[in-house]
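What follows are several structures.
Here come two complexes built around chain A, the first alongside chain B, the second alongside chain C.
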Partner chain A sequence: MTAARRAGWVAMALVSAMVLAACAGDDAEPAAAEDGEVAEAPAAEDPAEDAADEPEGEPIVIGGTLALTGPFAATAQIHEIAAEQYVEMLNENGGLLGRPVEWTVLDDESQADLSASLYERLITQDGVDLVMGPYGTGAITAAMQVAERYGYVFPHHTASLTYAYTYDKHFPTWFVGLNTHHTTPRKVFEAYQTLDDAPQSVTFVTNRFPGTDFLVYGVDQGEGALREGGGALRVAEEMGLEVLEDLSFDLGTTDFSGIAQRVAAVDADLLFVGGLGVDGPNLLAALEQLDYKPRHQFHQWPAPGPMLQVGDLADGATSVTIFEPFEPYLSNPGAQELYQRFTAAAEAAGMSYTAPETQAGASWAAWQVLTAGVEGCQCLDHDEIAAWLLDNTIQTVQGEFNYRADEQNYGDDIQTVKQIQDGNWYVVWPPDHASEGRDMQGAG
Partner chain B sequence: MLILLQTLATGIVLAGLYSLFAIGLSLGWGLLHTINFAHFSFVLLAAYVTYELSTAAGWDPVVTMVVTAPIGALLGLGLQLFVTTFKIDVFGTLIVTFGLFLIFEAAMAMRWTADLLRLPSEINPYFTSAVRIGPIRVSMLLTIATALAVLACVGVWWLLKHTRTGRGIRAFVQEPEMAAAFGVNYPQLSLVIAGIAGATAGLTGTILGMYLSLTPTVVEVWIAVVFAVVLLGGLANPIGVMGAAFVIGMVESFTRQFADPAMARLMALVVLIIVLVFRPEGLFKRLVQEARE
Partner chain C sequence: MTRRQLFPPRVALGFLAVVAVLLTIPTLQQRVGFPLYNLIFLYLVFFWITQATSWNILSGYSGYFSFGQAAFYGGGMYTTAILGGRHGWELLPTLPVAAVVGGTIAALTGLLVFRLRKLSGEIFALFTLAVALGIGALVNNWGVLDGGRGIPMGRLDYPAWLGDTTQMLYYLGLLLALVAVLVAYVIQHSRFGAGLFAIRDDEKVAEALGVPTFRYKMLVFILSGMLAATSGGLHAMQVGFISPDGAFGLRIPVFVILMSVVGGRRHWFGPLLGAVLIHTVTDRMAGAGYAEANQIVLAAVLIAATLFLRQGISGRLVERPVPPTVTFVVAFLLAFTVGGQTAIGSAAVAIGAALVVLFLPDRWLRSWRRGTDGDGPPAGADDAAGPAGDDEEPELDRAQEAGR
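Right after this comes the complex of A and B.
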């Protein structure tokens, strides 16, 4: 074997290693309440609102990792800013239990296994008092095992595989409910059913990412409180929609020409994109090249900025959300602080989309949950914090969280449907959460 | 029939983009013995330059090629000077340029943050525009990439085959001592190749700057397919690169159209593995030999 060929194999090995080094997502869940009894949790109000004395004593150290580099860094940056702002606000307003708070964040490089080993280090070597979950499904799933091993309360903001988390002290704040594979698509299709030109047929285009796969195809077997079936595809059929095409693509796909041709060929009333990040804009551009615009379009987890940047192509597109920077969300506890602080910090960081929405809302809520638990039990004991969180209603920027132990610490699906109208996102469904003067709009 | 033609056209322009991306890497590897992992960083840097010039200075993104190509060429020259000066062998270049790749990634994250940056549609109409040939439509951006790829590959082929510079380089690659004895100044000639390879990286970057949402890691998804094209095409063979890109583009395009789209990239890599097992010199062994004669 020549040197050049040996080098070739080395290069291929390197390439393979890089290709394999990827994966994560977004979602979360709620925790248990005994016998359905819940008590109001005054401590869930942001401590920031009660201007307090300077914190004193030994700092309370909260550790965690984020994907500060690697493929998930673009979104993890949102969580970094939210965390920095929350901790800063906390310390400006008396800290936690009267003590200053220190946030130690390590870079997991978008790698789940690295995230797990860093949590091991944070807990066993650095001796952090509390932990905050990392960003993304893969890292959260891996890190949760470490938290469980040491009995740490584990709030997390962006895990999408609701059924996979059985740890009794995990507290998700992507508050979509355990059975989100049923509730999310049903909510979306119900919104579309209110239209005069309600869609009668649908085409699915799904990223093979585990979270989007779960939401579109559901699960074959239920277990405990997890219901079998579900998935947008089955729910669509149950609700009378005709499925004309079901296409999937792999993570990292950049060329959507072939998929666009198939979407345009069947011309369904609704295009359901089970995608994330920039999948939507890329598909829409490929459709535009064919002079085709879907009459109705839904996108599971789009990056909000790039969707707006494709202009008219995305007009009328819908998605689901748990937080948007306007009413009624801005009346929720802590929402004004989130909006003001995050927007300023994101602008200072030079981000292209500075408004806090789903990601920032999930992140802020995770910090609200953690601090509510500590303030609620007035302690740093993980068992007591978890018990308090399970027994109380937590007020967050997303609304009220009631964690239910009998649903793997998930609760109700409190998502709403948002839509791009006049070049911006607005909440349009359900009506009691709709932005002022906005409702679900049909084609044209 | 129309679907078949449309799929074919899509595969061709996809191949154009792959060729443009891979030609510089193939030249560096085959003629300079530099496995330039930093080629991907050069591409991404050029993409960010296109973004910056278009959003901040209001340039038409296509016009930014007059800046990105020279930047790429300068980076290529700089790397080649470094490799020559420190006499780094082929394995060493892989390690060194991989290190450079990581440094570039970190530097770009510091400059442009990890945020997703996309050229707004009003200054990047190419993103959604199509070229129409009868009922067939293909992406305007990929068509531009294909035109550039043909220019680059044919130009390089002509340079290697029909110019004194090309003959000198090929002679040195085959018989270094003999070529040197005949007065071939390899260090000087290698700079020409390095500059061309870098310039193609710059051009590719401009295309990707218009095609993708940029983050410092976005280029990683291209590594596998670009290396596949290089290895399938045979090193330093521009026509082979085009042929290999055609095969991969077609495999991907037909898989997306007629089978499970999620299998498209996997199918392309399966083709690579099969070829490497049965034809380790690549798909175009005869062409490679001819090009070297």
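Right after this comes the complex of A and C.
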């Protein structure tokens, strides 16, 4: 093959890519939308029939990104399924304002900078009517700044840096309270204090991920309603626990043998894992090799399925939750629909853990918040949607939300403590939220 | 050898015309009302041009292949994030500080790496990667810089005459891209550039001929670091949330290498061309929900370009500038007016069409010319002719000129 012919083949490959890319793009220039300027939705012709009628008219387009590829893809898939099911349910029940709903999701590849530029695209080129937040603290924080620039209402489900979100039209459903660095660890340690063999000492193992770092180490300086201090480490000391060791590791770590050796050597009463995803199961696997089982163990945001698959070593492990696929959560508005639809869709998608829990619950609630705002003000005006959400109590699968503007649109910390008992998760604390017949169990 | 004018009238006019058109786009956007995304798209093109060009003046010109672009980019980002996001500085004063930080990182790295002869070739590439990862680890673990928490940017103040945030990013991004391209152009056409090319071809010979290799490498490394860091500082405003893995990860180095290799590393125009091409493909694919396919396409393009396009697209364009340029303009107008494509979609189609013409086998064009002119050049004349511009100069001449 001559050089010219080879170059020709390369050119053809490039051209094919370009043509494919161009064809994949948009065909028409949609209207610009800036500073919250969106078209008013035409009023439904017969509001009385809205729930039963087929949605009619121009679709309401809701845009967002998710980490469909990259390191966060496994968890983002939960949000993708939840969103698909919610929008499908919405359209089966008359749509939104009587109009059909379209969800446009783009892949941010688990990259915060890409998420920001894709939200710019969704708002300024695609002219979406509404947006839904992405998955992951970094992507959410980046995308929120874009939403703020254009005045869009920004519901989001999994952002953990509560102190960083000052935008007046952001609406979190990771509803843990602005001062979660105080309230969350206090709630966990209070649950442990009820035990006969309450832990007296603790070892911290923390992922240097922004959210877990915040929850374990708190903040040095408060501002406005944000209280200084906090963090599980300081709260533990304040509540009389002796901190024997404070270990940390980088995001993406899978080999915990060195950390496990130190954990076993220190042998604290409580192992506090400020980790996420499979950090906990990986650490437990390393501990198992040393034939060591923590007497008590807490995991911040573990992937629910892998924790259960660990077996006996994880029995008694605790975590915090805002939604679980059992009572009392299943009595909350929309929870039955979430449970049935999500479980069926997750099974069809071949997921290993098909029950909706914290992630799916937060996602579903975010869609409930957005649609409640739109239906509440009967409009697509972002200022009016935000005002309605701040003035009303929102019913969600996680419970009632009362957004408080003086707390950066957070409210009470609604988290509960769950524990693995008999091979399953159950809510055990506080007592008035505990699963029937369940309470906090100690070691052994 | 005759000394040529640095900016021949044709080049100077071309630069000015492009800049004039680009400067009017924000105003046009407001008056005509075309989607704001076009400005954001162009800002991102400017960003990638700056990053790729800053990489190329070091790695393309001198042959020192760097994987450490993230050290400068991330250093600039964190400078703006810390000064602006945490300490309330306005945006503009943070940018020169970012440049100093980038230049300092480059100077310290260069002092070590260029003094040690062993650290060349692949060892240099690994060393620069290690520097970027090391700085990332430092930022991730030292609370004064970040400590792993990430820094939300919030709103940084800047002069009101720069317009809203999108316009400000556009104007400053354009300015940085212009500076980067001008720096690359001037270097390429100077004794300094001739020295760098000589270093790339054979550093020992260059040194024997009197090229001050250490000084030249240090200077270009510092320039590269300053440009990349300033661009990173500005880009912090676009990203909004700065984290160590995003700032010091592999995405930036991989993309700037891809853009420069595809565009061409031997010419100032190469990274510019590569940035436009790669970002347009990425934007169209990601926006249409084909991000996974996009990654596969880009990987295939990089493999193909490495194997078959030793000079990059710019090498071919320098040899054959008119047919692809005319094709681009005609295809763009047709796609935009008749095809109903967006401006960006039309650009993608036009780039594709121009590439087809660019890589048509020479004999096809010759036979076409013979068919139209009746007196085309004899067969083989195109192949025998050397590339235009600087590539006409034998490398030895370059080294001798640089050494004088």
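Here, the second predicted complex is superposed on the first by the 393 of 444 C-alpha atoms of A that agree within 3 Å, B and C clash if a C-alpha of one lies under 4 Å from a C-alpha of the other, contacts with A are read in each partner's own complex, and residues count from 1 in each chain.
To be clear about the criterion, a contact is a pair of C-beta atoms (placed from the backbone, for glycine too) under 8 Å apart; a residue touches a chain by one contact, two chains touch by 3 or more.
Please read these numbers as outputs of a predicted model, since none were measured by experiment.
When the two complexes are overlaid on their common chain A, residue A:Asp250 makes contact with chain B and with chain C alike. When the shared chain is aligned, no partner comes close enough to touch A:Glu400: not chain B, not chain C. After overlaying the two complexes on the shared chain, residue contacts for A:Asp269 are found with neither chain B nor chain C. By the document's definition of touching, of the two partners only chain B reaches A:Gly350; chain C does not.
By the document's definition of touching, both partners, chain B and chain C, reach A:Arg208. Residue contacts after overlaying the shared chain place A:Thr124 against chain C, while chain B stays out of touching range. Judged by the touch definition given at the top, the superposed model places A:Thr69 against both chain B and chain C. Of the two partner chains, chain C is the only one that A:Gln111 touches; chain B does not reach it.
In the superposed model, A:Gly258 lies in contact with chain B only, and not with chain C. Common to the chain B-facing and chain C-facing surfaces of chain A are residues 3-8, 10-12, 14-15, 18-19, 22, 68-69, 208, 250.
By the touch rule above, chain B contacts chain A in their complex via residues 3, 6-7, 10, 14, 29, 33, 35, 37, 89-91, 94, 98, 105-106, 109, 113-122, 127-130, 137-140, 211-213, 215-217, 220-224, 227, 231, 235, 252-253, 255-257, 260-266, 280. Listing the residues of chain A that touch chain C in their complex gives 2-15, 17-22, 24-30, 32, 34, 68-69, 105-107, 109, 111-114, 116-118, 120-121, 124-127, 137-138, 141-146, 149, 161, 164, 166, 208-210, 213-214, 250-251.
Considering their complex, residues 33-38, 40, 44, 140-141, 147-150, 152-154, 164-166, 235, 238-241, 243, 245-246, 251, 277, 280-281, 283-292, 294-295, 297, 300-301, 304-305, 308-309, 316, 335, 340-342, 344-346, 348-349, 351-353, 355-356, 358-363 of chain C touch chain A.
Taken in their complex, chain A has these residues touching chain B: 3-8, 10-12, 14-16, 18-19, 22, 68-71, 73-74, 76-77, 110, 208, 247-250, 252-255, 257-259, 261-262, 265, 277-278, 281, 284-286, 288-291, 303, 305-306, 309-311, 313, 349-353.
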